[in-house]
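We call the chains A, B, C and D, going by the order they appear; numbering starts again at 1 in every chain.
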Amino acid sequence: MEAVLEAFLSHYNYGMAIILMMIGLYALIAKQNLVKKLIGLNIFQTAIFLFYISFADVEGGIAPIYLPEGMEAIYVNPLPHVLILTAIVVGVSVTAVGLSLIVRIYEEYGVIDEAGLLKMVKRR
Amino acid sequence: MIEHLPVLLVTVPIVAALLILLLGWHDSRFCYPLTLATILFQFAGGIALLIEVMREGTIHYYLGGWAPPLGIEFVIDTFNGYILPIVLLLALATAVYARRSVEKEIKPEKIVSFYVLFQLLVTGLVGMTITGDIFNLYVFLEISSIAAYTLIASSRKPRAYVAALNYLVLGSIAGGFVLLGIGNLYVATGTLNMADLARLLPASYGLATVHTAFLLLVIGFSIKVALFPLHLWLPDAYTEAPSAVTVLISTVMAKVSVYAMFRVIFSVFTTAYFVETVPVTELILFIAAVAIVAGAVLAIAQEDLKRMLAYSSVSQVGYIVFALGVANQIALEGGLLHILGHAVMKGCLFMVAGVIIYRLGTSSFSDLKGVAATMPVTCAAFALAGASMIGVPPTIGFASKYYLVLGALEAGHWVYAAVLLAGSLLAVGYIWRFIEVAYFSASSHHEGGDHHPAPGVREAPLSMLVPMVILSILCLVLGIFVDPLMKIVAPAVSLLLGGA
Amino acid sequence: MIWDLDFALLLFMIICAIAAITVRDLLHAAVILAAYSLIMTVLWSEMNAVDVAFTEAVVGAGVTTVLFIAAIARTERSSSD
Amino acid sequence: MVDVTGLLPAVTVVIPLLAAVMILVSGRHENIRDGFTVAAAVAMLVSVVAMLPSILSGERITISLIPLLPGGDLALRVDAFGMVFALTAAVLWLLNSFYSIGYMRSLKEHAQTRFFFCLAVAIAAAIGIAFSANLVTLLVFYEILTIITYPLVVHVETPEAMAAGRKYLAYLLIGGIFFLAAVILTYILTGTTGFVPGGFLAGSAPPLTLQILFVLFMVGFVKAAWMPLHGWLPAAMVAPTPVSAFLHAVAVVTAGVFGIVRIAGWVYGMDLLASLGLGTLLAVIASFTIITASLFALTEDNLKRRLAYSTVSQLSYILLGVSMLSIAGMTGAMAHIPIHAFLKITLFFVAGAVIVAAGRERISDMKGIGRKMPVTAVMFSAAAIGICGLPPLSGLISKVYLALGAVEGGVPILLIVLIASTVLNAAYFFPIIHTMLLGRPDDERSLDSVSEPPLTMLVPIVLTTVASVLIFFFPSMPFMDLVEIAIGEITGSVIP
């Protein structure tokens, strides 16, 4: 029991991240509404970010902020943080492009769900 | 100067893009010459780097002087030294071709942003090609992808928005998978530098993390290169995009994605991993064979030239991935040759489709009867590039097919070699659709004399014709002078197979 | 790291995620997504990723939500699924 | 055998290619354009003939152009056997050029520029095939020939022609794929694809592999139109007659049988073929084709289609000769290539002349036509007699060698095939001769407007017939001499 709890405790946030990813992926693929798809995309991306932050975290570590001379501490790994900063910017750009496309599609076809769109595209 | 060339290839265009934006605001006539000049510079740089690599060996450039693993490095070795000029050659050809095409297909107020995005797309792809850092690869991948989504949507056709959004959704999933895969690799090794990864990974080949990373990366890149069951975004995106954008993404972007896939599989994971540790070569071969056949069959079923060419790309990607599955020296030489060959011929074919849309306003087969009589040069270019697509000797398409079959037979894959050959026959099926319609269609038949041009339709403008004809002639020239070409390709393949 | 706090936050996030993709009103969905991002921010700062947390608060919960609301305002609010 | 390096083989191939470019450029000016065709034909003939003395003295002219692929450079080598084909093609192309110009202008055909362009490239490919030094080069020119003859076949652009064109392309390209597979396999087995007199495959692989490889080659050379892979040839008859003449005599089918003989003599070698039992396979295919195709020919009323089946049948004489795996058989096979070409082109020229002069394609419509076009009809009769193997025409020569080979090889059944085929040849040709010369038209006045074709067409007809007679009387000049050298090359002995 102890061992199981141990294993669970050391890995549960990975599991959670994966659940979140799956939720996002499901929305991306299965949802008909285009805005819902993008919400799914956001969840999917943040879940990946969560995964990065999780593995960067070190037991008993502290935030990688410069400490005065003489103080020793275990920093958490700062590199994934930097990576994720970049990835967040990329993610918001993708969302912005996607949303502007949805607005355009709505202006052209008057619908924002996939089934309706398919009908409209075929009709033209 | 020359030692800073790698970084200049990326920074100069970004500065140029800003300049285009600023000057274009003032007067949109500045955009085109600036774009052309920048890409010309990049092309020259790419050639210079290739020569340098062939002469001196691998070039390492530490960004900002920070050596890896702390800093990001650009690495140009024989493999991407070979890819880079291909990318830039096609980008240059597209840039020349784009001017007239863009005037017609894109709203005037969007022309400035078109060139800015064009520049960013090319730069993103160049960055992907030369970076030695796997996370940097991801960033450049996303930059170029975002530029591509926007460029596709810049068409006047409303359907392009839908195509772009579809691409965006699938592209983002791919990006997410790649990002996740990179994360796994980092967990396993603690580094993001590709050379370091290759060095450190073998110790943890047994770990589930590494297997997961491999799977995620392969699936992510498979979406990006549109490997058969994951190709769904491609036909719409290629068909609906403005002609110049189609040329660019179908050649340069598709090829850089393939490059990234090869780079990660061979240079990060090494052959030892994916041939021995996780024996997936049979599976890859199977998928590639299915892609070759299914893509060609779907292409034959199309009623529109541009869409047909799009499905043909699905089929042709299969050839390149096929080389990956065989994974021996000769087959990979064929695969790398096909990266070049397919870029050149598909670029030419899409340019033809674009020219036809430019003049006729449509690319549906039923409207193209006898078009060869009015646009002889265009159709001749198609015929030559099409022959290369089919693999008629002595074109480049034949050479790559020859190497691929030779490699497959040498590895003992008899059945797959047969599929490859049959696939090239299917290519006849779709290329001939156009040839028959354009050259031998009844409506063009006139008693007692040569074909007469239909009124109003003329040969394409010179600035579109020249890059198109040059590419089609390249199909032949590269096919004839394939042996000197192999002097560049062979070391690249040795590098891939040797790991690191 | 306080594991039970983490665990609770994660659970709450999953609930938010599911809610965001199930509610029929897109405006509600956007707001729930903002809440999701804010919880993520808390979680990350608790995991010592303060810099990322700040960025996410601004970009994820802020900019993204604004973008979503703007887009929904120019299209329609209701969703069929 | 002495190999000398020379530029002439390459020049010979390049001449028609240059002409093709010039034809495209000068397309608007008919006379200049057709001038280029004729000039190139003359130049090419001169260039081929210039190589003749050195070949006859036992030399081989080689030139390696560029390294192409693993397995073979793009390399040319003119040997005696290649010369047989090249000389035939060069002479007949010159005559065919005049004939084509006359034909196309008389009928005011459309797209003449395309027509002459394709013809010029096709002849370059045919010469390339004749001069190929290895399988890779052969493959390159073989495929070019396939693609470039397609526009010729579908020239009239009717739906029927398009369907025939698809059939043509399907057969020949699938064949090409098999050929490619065979070439690659040969390279994997031996590490080379260069032709070696007497063959180089012996001992390189287990018999079964070599047998399969041979089948691949045979399917690859579907241009030889052996049954049951002959379907494309009658279908291709929708093309204008000069094209048919070109396909049947100058380039395409000849390239097919040429390829098979090359494979037999220079890749396998006769000893290896014998030990693999492939002679029997070839003999069966050839006998079946000879008899069946003749029977098909009997039932055809369309003159060109009847001639097409005749070609299918006659080509298998060459396979039959190879299958005997004896010196006499091989001699007959090689000799039959030019002999058949000269005779068959006459027949096609006449068929075209009848179309131009009288607008008739069906044999039953040709009653008494010989009275209005006597020269044409007589030439047709002469060539038909030649195909049947009667003197004083060249057809007899190859038949004698084939018969000799059958007896020598101890397979009398092949002799029976030869005799039966001669009877069948007579059976399908004599009625035509009878109809043309002695028949009475149903309506006398329908022939009023009929007269001899224009001189550009008539002269080639006469010349090819005369050539066939000359070959009979002076066989050694130069064809049999060349064949003799070629036989000596692959067997190390001389013709009995």
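Rule of thumb we're sticking to: contacts are C-beta pairs under 8 Å (C-beta built on N, C-alpha and C of every residue); 3 or more make two chains touch, one makes a residue touch a chain.
Note that the structure is predicted; figures quoted are calculated from it, not measured.
Ranking every chain by how far its Cα centroid lies from the centroid of subunit B, the top place goes to D. Ranked by how close its mean Cα position lies to the mean of all protein Cα atoms, the top chain is B. The geometric centre of subunit C is 78 Å away from that of subunit D, both derived from CA atoms.
Centre-to-centre spacing of subunit B and subunit C amounts to 37 Å, using the average Cα coordinate of each chain.
Per-chain Cα centroids separate subunit A from subunit D by 70 Å.
Taking each chain's centre as the mean of its C-alpha atoms, subunit A lies 29 Å from subunit B.
Residue positions of subunit C touching 2 or more other chains: none.
Contact with two or more other chains is made by residues 102 of subunit A. Looking at subunit D, one finds that none of its residues touch two or more other chains.
Pairwise, the chains that touch each other are A-B, A-C, B-D. Touching subunit D in their complex are the following residues of subunit B: 330, 387, 390, 392-394, 398-399, 401-403, 405-406, 409-410, 417-418, 421-422, 424-425, 428, 432, 436, 439-442, 444-451, 480-483.
For subunit D in complex with subunit B, the residues that touch the partner chain are 27, 66-71, 74, 108, 110-113, 139-140, 143-144, 147, 151, 154, 157-159, 161-162, 165-166, 169, 173-174, 177, 180-181, 184-185, 187-188.
On the subunit B side of its complex with subunit A, the touching residues are 135, 138-139, 142-143, 145-146, 149-150, 153, 158-159, 161-162, 164-165, 168-169, 172-173, 175-176, 179-180, 183, 186-187, 192.
Here subunit A touches subunit C in the complex through residues 9, 12-13, 16, 19-20, 23-24, 26-27, 31-33, 35-36, 38-40, 42-43, 46, 49-50, 53-54, 56-57, 59, 61-65, 76, 81, 84-85, 88-89, 92, 95-96, 99-100, 102-103, 106, 112-113, going by the rule given at the top. Contacts from subunit C toward subunit A in the complex involve residues 1, 3, 6-7, 10-11, 13-14, 17-18, 20-21, 26, 29-30, 33, 36-37, 40, 43-44, 47-52, 55-56, 59-60, 63-64, 67-68, 70-72, 74-76, 79-81.
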